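Structures are listed in the sections that come next.
The two complexes that follow have chain A in common; it is paired with chain B in the first and with chain C in the second.
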Partner chain A sequence: MFDRAMRRKLFSHGMTILTGATVVIVLIPLFWIIYESALLGGSVFSLGFFTQNIPAPCSAHTGVTCSTEGVGSAIQGTVYLLLLASLYSVPVGLGAAIFAVEYGGQRAFARAISMAADVLSGVPSIVAGMFIYALLIVYEPAIVFSVFSGSLALGVIMLPIVMRTSEEALRTIPHSVREAALALGISRWKTSVRIILVGALPGVLTGVLLSIARAAGEAAPLLLLDNGSLHPCLSVDTVCQSLSLTIYLGATSASSNYVAIAWGAALLLIIIILGLSIVSQLVLNRTARKWGQGS
Partner chain B sequence: MTRGNPFPTFPSRKTRAVSKWGDRIFLVLTAVAAAGLIAVLVALVVVLYHGSLPTINALGLNFLYTLTWNPQGNVYGIVPFAIGTLLTSAIALLLAIPLSIGAAIFLTQHAPTWLREPVAQVIQLLAAIPSVVYGFWGLIVLVPIMRYDVDPILANVLGWTGWFSGRHIGLDVLTASVVLSIMTVPTITAISKDSILAVPRSQKEAALSLGATDWEVSRRAVIPYARSGIIAGIVLGLGRALGETMAVTLVIGNANVIPTSLFSQGQTIASLIANDFFEQETPLELPALLEAALFLLIITLAVNIVARWIQARFQAGRAVGAE
Partner chain C sequence: MAILSDTIKMDVQHLGAFYGKSRAIEDINIQVPDRKVTAIIGPSGCGKSTLIRCLNRLHETTPKARVEGSVLLDGEDLYQLDPTAVRRRVGMVFQKPNPFATMSIYNNVSAPLRFNGRPSREETDAAVLRALKQAALWDEVRDRVDAPATSLSGGQQQRLCIARALAANPEVLLMDEPCSALDPIATAKIEELIGQLKNDYTVVIVTHNMQQAARVSEFTAFLYLGKLVEFGPTEDLFERPKEKLTESYITGRFG
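And then the complex of A and B:
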């Protein structure tokens, strides 16, 4: 019916439509998850949802009223976890990145550090949780279940992300900038800190934001290490609730209000994480353009 | 870098002494950080190995080929969970690979230029959604759909294969695989897209000049060139699927058995750890769980190293090809 050239052309158009359809299929779950969370989570959003602590489980038998307010203690716990985890992972990750870029003279060693970070980023989060458990149970059994121990596991997860993104940011600074600084007689460490690091700061901050976004949603290590409290946290050696575990609680608890609270927590987490991801992407695009023009 | 200062009067001797010490301190501090990073990686293996010594000594290699996990009888075998992990990851990849490669081809070859970057970045948002949210959504939204809509159709159409037999519960290996496939798509798409973009223009132009259609360019000139990069993306996606915990734990049904069909409840190594950690019945169960974690760590590390190796070879090959 059609000649050969026509058939080939039609087939090509057909494949364009088919590959376009795969994009649509891939995006369906994303919008579905966001839609459900916005619908079911949005309905429990209120001032009390953000300020009240997680309520007690309710049931018709005990007569406890079913409240969907709120996740205050979980927000506080997540903030504690992320602050503590950043405290260890940012200096170590940034330091390792500076070492790899500025002093990694013998390229094999610099590559070994990046390779170690790459490999570390593939470690499953539950394994990071078991690692911290096995480590603390030997040396500090008193704090093995605490927000501190949970933050250590999150630190292990954040460390390779901070290192790799900082490394890439530092590498975008043209070598001529380093040479110019050294030629002016500025010492090496001042060049690294005041010139290279300042120049790469947007990229480094992007990496820190991305690692925080990743850690904010982590639940597996917290399930092992920092699980079971509904109350606000008082000190680093106590167990604290987190937003991610509030969702897990909603999935596993028989108490009906916890499902609604979990949808609210899911929506809040998605807003925070997508917000952080989008902001960091914008910063990254802008800096990429800046240095792209400069060189 | 040349040593020595060509302008002896500036900076002064004192400043130079200070910066010399500053340099040394800075070098030591950053070196300690770099060593710390490598130490974390080494400590992961050492600490988990040390923690699982009781079961390694008591069970030896039995751990690797025992078909049951029975804490009361002090029988610990990783096989049911290794099978659960490999099965869910394999089906997840089977679903994710065509979708991811299709999306990568569309976003690099066929889509209008203005659409490419925004859509690619939206797909990457899939990777940002936490796994516990995937699990919760899977449990509340996907499980009923699988149970009442998808499972009966699959049983009718493909029941004869034997893969789709048993009760339709929705909490099963198939649902876990579907959730995992959604989670691996952004990884495979991103890396496939990057490796397709790295294909030299001349490669495409040569095919076009011979009269190839858009699809023939993708199929015959671009994909073969980007093949190893795409494979690296698939292997990295596999690494992500193997270690995934929360999303799987909430939808797989958590039964410590070898799955007999895709509608069976099952357990992966990661979900075993998440489930049994707080239900330890005997003193040997904790070391057994630590050994399971060590086993999972070694598998995922091996998979990731293979992926990086393929990627590095791909880049090396590209550098040669560019000359």
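And then the complex of A and C:
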């Protein structure tokens, strides 16, 4: 019917349209989620939403007024969890990255550490939670359910991300820079920390931000270890609320105000994670330009 | 092949170097005279760079690299000393300019002082000024020492690296093909600079460019396949080579 050239052209156009359509399908969930969260979550945003603690659940029977203010205790809990988790995962991840890049060289041990980190990053977060649960129930049963144990689990999740991204960042510094420093009689440790690490700092920061973004959205280990409080927590051995837990709480609740709060928390979480991702990408682009120009 | 009437600064004795199991240089014996320019020439892959990297113990920083034999600096074996102490006494300039890209011109030059001690601002200022003047860069950067090192041209970056090496106050300056990434004008400037530096420093320069060796050095070592073929005054080596191999190489029959 058609000649060969025509068939080719038709096929080419057809495939272009088809692959274009898949792109649209990929993007639909992203924008739908953002749109829905912005619509439903945005409507509860107010000053009180960020400062007030989670209200009582409302219903027609009890006559409690349906307040959607707010998620203050969840924000506080999330910040608390992330700060604690960063406290363990950043120094350890960074130390392991420095060892693997600056001291490990080609050694099999350094490669084994990197591979172990990759495996760890593939461990489901609920397994990380279960691990901390099992560990603490044996050694420190009093704090099994606490913001401390929750943050340990988040730390385990953050650790491989911090390590691998820091490793990548350290490797972007050209070898010639290490040689330049060593040839000046600067010790290996000072070269690693004060020249290579300082040069790679924006990349390392990117890794830390990305790992925080990842941990901020985690709910599974917290459901196990740090669940059940609506109030701000005061010490590390008490249970905290978090934004991710608030979403779970609201989504499974029959109270209309809790559902609204859950959407608000979801929107807030999306904004935080998106913000962290964008900032880290900007930082990374700037560094790449700097070293690209260098040696 | 001792060179009479000159003080020996570095005495390379039976030096061999390996990368893993493969041998790069073998049984090298050279006496580097004090405050003179010694050139190391030879075709690509003959071990010139490996040799020079053994003189400040940088070779051993490569994974699986190994050195045998000894290198005496003022009669002391480098390989019995602390490597960082050795590298402060024996500075090095590399093939490609390698300034610290995140640092300013000033901070690049002052890096060896700042990282190896706690100098006062006055000491650092004085050392940076001296080093930049010695590297013939001061006039070009005097108004912008706080500008990023990467804002300089390739030739200027290489002189910055020379200044940085000099700021550490070394006794010997090793140069590993310092002009190979530069244009002819920048090359001429570096060569002129080498002529001045030998008043204060012992210079060892690796070059694949025989004319350059003839222009800048008093002594030349010719390496071939990891072995020292001939070592002597540059003039003798180029005009009256003792070895057939040297003659073939300098007349361009191979290499």
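Of note:
Here is the rule we go by: the second predicted complex is superposed on the first by the 292 of 295 C-alpha atoms of A that agree within 3 Å, B and C clash if a C-alpha of one lies under 4 Å from a C-alpha of the other, contacts with A are read in each partner's own complex, and residues count from 1 in each chain.
Simple rule for what comes next: contacts are C-beta pairs under 8 Å (C-beta built on N, C-alpha and C of every residue); 3 or more make two chains touch, one makes a residue touch a chain.
Keep in mind that what you see is a predicted model, and the values were worked out from it rather than measured.
Once the two complexes are laid over each other on the shared chain, residue contacts for A:I98 go to chain B alone; chain C is not touched. By the touch criterion defined above, A:K190 reaches both chain B and chain C. Comparing chain B with chain C, more residues of chain A are touched by B. Once chain A of one complex is fitted onto chain A of the other, the partner contacts of A:L182 extend to both chain B and chain C.
In the superposition on the C-alpha atoms of chain A, the part of chain A touched by chain B in one complex and by chain C in the other spans residues 182, 185, 187, 190. The part of chain B that touches chain A in the complex is made up of residues 1, 5, 7, 10-11, 16, 18-20, 22-23, 25-27, 29-34, 36-38, 40-41, 43-44, 47-48, 50-51, 98-100, 102-103, 105-107, 109-111, 119, 121-126, 128-137, 139-141, 182, 185, 189, 213-216, 218, 236, 239-240, 242-246, 250, 270, 273-274, 277, 289-290, 293, 296-297, 300-301, 303-305, 308.
By the touch rule above, chain A contacts chain B in their complex via residues 8-9, 11-12, 15-16, 18-23, 25-27, 29-30, 32-33, 36-37, 91-96, 98-100, 102-103, 112-113, 115-120, 122-128, 130-131, 134-135, 137-138, 156, 159-160, 163, 182, 185, 187-190, 192-193, 213-214, 216-220, 223-224, 244-245, 247-248, 250-252, 259, 262, 266, 269-270, 273-274, 277, 281. The touching residues of chain C, counted against chain A in their complex, run 56, 58, 61, 63-64, 84-89, 91-92, 94, 96-102, 111-112, 115-116, 150, 161, 164-165, 168.
Contact residues on chain A toward chain C in their complex (touch as defined above): 105-107, 174, 176-177, 179-187, 190, 194-195, 198-199, 290-291, 293-295.
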